[in-house]
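Notes to accompany the following structure.
As written, the chain order gives the labels A, B, C and D, with residue 1 at the start of each chain.
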């Protein structure tokens, strides 16, 4: 083992740009600050690689925390080819897109009082019940436009919703023809609304109808890269997608607050993924442990600054 | 605020039973040790309540860690009415049920070497690739028995698999007619095998076909209780299931290694669930933070000891 | 890499003893449940080894959570030769020993109201201010018995306090002549009381007076073992104590809720300690991540059951 | 409860400064990203308040991770009046100040091999043994300049060391006459070196000699503020220092990777500190959970940018 590259004590300068700070973090180079800097290096290389299909995994309540804007912007800039999301993030995206808002609240409150005040809490974010009334109206209206008796894929259903919106993640994805996969769509308010709709209407959502197109993408792409925000279904679904092919992911950046020693996939290291062949033996990969409401904006701001220099 | 019930210093006695220890933890009564004791009290009350439908949420890689035996035993004893699982746990359950094994390994190893040795790693558990060859053979054979051209629900598909097994969670569930819901079944090796099958066969898996039966259960049960191991889709899917009804869960015990301040549902407190009405205002509810490979066996051993006294 | 020892699915039996459950956890053998079982194996071997000096590190607010009883019992049974503690644990030990109590409370409360009610909170444990009035009276009285103009070591000061108590950790340590080291004694209510005393009295507490005896122990013992509850000063002080000797710790069990990726010593793996020589290359060592209010009672109950069979 | 201030989706702009990003995080306003923005608001207000004595708590292995530069810079800029540190951070500060370096390494390595290569590991930072040889030479030389037979305080000892250095935290503190408190100085390489020295020399380090000056500061200051990096002794020692006065801290920002539910002070919320009176009822206070190698540079860069506008 060798000692080559020394730790450089970090000095902050007034009016530093985010990328300047991330670069200084890389020269300090330790713990998660060092990992975040390495993540910027890998993510930049991944975005610049024209042979790479870019996956984005979106788990955790990121849209209620204002992180949806970053996802939309990345799609607009051509930096996401495949989006895999939890149903909850898409629900909250729709809520914002139809004009409802999430609000700053506090995690240290009386939840029974909140219940009486018809406010739903997501840690320190508040969402009034009224938003779900507008949501129901919108969703039932949109679902009502589906062709009776037809069969549809989950991404098809989400694309249909996106076409009926004017902003947000689903809107941008529909406009840019970016597939949005949401394997557990039933597990969300979108799913509950669909159940309501399906009580009196017959449109079949085929759980596996998205697999052929996804697999085609995986089999035909030269290289693959993934930015994984949180774990859950999006992380696993993305990583497993290359498993049936002879290849694996060549780039992987994971921003997670989970931890590896509990055994769950959400906190698993990306090295573990090498043993499975989900990522290649030589893949550039790094995990940054921490809250993605901090690490995601920094990562993206630093990399966009680097890309903008061209 | 009052100071009534004093902390009792814990003293260990030789040959203590698990329940004796959990009871002493309750008298100490602080932090997660206190929470675990409270969880035993609530879970016992929930299991003894004849009016309560008992949900069990299974997330995290619990079967590879040997926790599947507890789930099967709880089903055999009539303590689970509805099981919601990740696809991964069911994959590993099938692997064990067809005679393959997981092995003790180490998390501190070279994953590229593991890859060369054809061993897949789950933290400190090893699973040889060969298991997936047997798994593929079994799954393709079982899927081949599905009626061509038919449409099936996810729980129907899992019940069909369970009927072709002789041990484990899916076998027991099939035998006892316990529905197993797995909203993101595509996100697992079961799903990848189904994709393989579907390339040359036409059976439609209807993503929403399980919702009516689940909703009927939720609307007709007098009371509802949930033991949630880990977060992810199982936790959210269970908690949201009562959301459309006028009621909520009356009992809820959550064993999780996640943390609330990241905003994700997996680490969210059960009080947060009160604001949504997912659990009732008066629900008995507690979260035990920690690794479920420790907290689940202790909780179940303590409660089974209490139930056995009758 | 090899796959030899299979994971055994865990089955709970009514009236299982704690050791039976821990043994079953070892056959499951994964994640922190597996680590806890391994910890029992190592701790048993360490306690049975007559050539080993047994260190115990006590950090985190363990006494307010009722874990002090275990520490006293281990001392009484001859299982602790050297105790290193935070000042806070000793403060709370004295408070209980002089007849004051900690109380069951809740972490979800209004701390300003608690302030008005003169109750101090430690997560979900309450401690009335009144306890500190009794504490002050007791401490000033005990300090008043110190010989004016003398110089004393920290462990001497703590031994002096212990001799004036009739129960608890300091009492037992004094009675059994077990040295209690508390390098940061100033950082506690004991320290603040001493500051009060020292305003009108002159007794010098020599910060380094404990080092020679500790170093003698380290240089003369054949082998050394450590049970580390939490991290902080106790963990570091214990591990560094063997650093000046040609040897290191031969046994080490660490129960911590911290995590390694933040770089702090509290969450650092024991393998990291091998690089420093704090533990030997061949040392039996394991870390169990989780709340010690759960893992400590289980570990000690299991090992005491094993020791009792003799 | 009210819903007033909406969450604003965050959009990243090329060449954003750190403060612009932190401000945008504040408009998103959720989870730890929101907390970090609030921390910047509070820390700016604290630094601008001329009536406030500014405490800085330094725990966790921050200097090996390159965070020492920030501490020195804050001292140079007059933003730290009292520094409380672990002994380890001061050890690593001295090592860098005498010209030795820490190196970028990896946490996934063989620690026995590292031992053979005479490299000590701190997560993913490497420190060659040779550094400790230089350290020993320097320390023994510096200690040798102490007046035989004298009694010295810990801060006096550290000031003496700082005067013999030409860069780093201790040097800057000595130059600027900023007291550095390190209650557990024995618990570090500085302490082990002092033990070596004390075997043949007689200088008494009085453990409590620093208390009168610290208490004078606390009793005479109009207001008090604290930036706490990590927990441990520095956090507790700082917070308890106001406990004997009629006042408490008016400002408190805590950057920690620990969690509250384990009961330890390191992860305890600052609200808990209100119940004790350590911080005032109206204190501006926030905790940011996460790795300080990320949150500290961002916080300081944002606040320095704001201060620079004047």
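Methods note: contacts are C-beta pairs under 8 Å (C-beta built on N, C-alpha and C of every residue); 3 or more make two chains touch, one makes a residue touch a chain.
Fair warning: this is a prediction, and the values are worked out from it, not measured in the lab.
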Pair with more cross-chain C-beta pairs in contact, given B-C and B-D: B-C
Remotest chain, chain D as reference, centres from CA atoms: B
CA centroid of chain A to CA centroid of chain B, Å: 25
Whole-Å gap between the CA centroids of chain B and chain C: 35
Whole-Å separation of chain centres (CA-atom averages), chain B against chain D: 43
Sequence positions of chain A contacting 2 or more other chains: 30-32, 64-65, 108, 114, 119, 122-125, 259, 261-263, 271, 289, 291, 293
Residues of chain A touching chain D in the complex: 1, 3-19, 21, 24-25, 27-34, 36, 63-70, 72-73, 96, 101-105, 108-109, 113-114, 117, 119, 122-126, 128, 271, 289-291, 293-295, 297-298, 300-301, 304-305, 307-308
Complex contact set, residues of chain C against chain A: 30-32, 108, 259, 261-263, 289
Touching residues on chain A, where the partner in the complex is chain B: 59-62, 64-65, 88, 107, 111-112, 114-115, 119-125, 151, 154, 183-189, 191-192, 194-196, 198-199, 204-208, 210-212, 215, 230, 232-233, 236-237, 240, 243-244, 257-268, 271-277, 281, 291-293
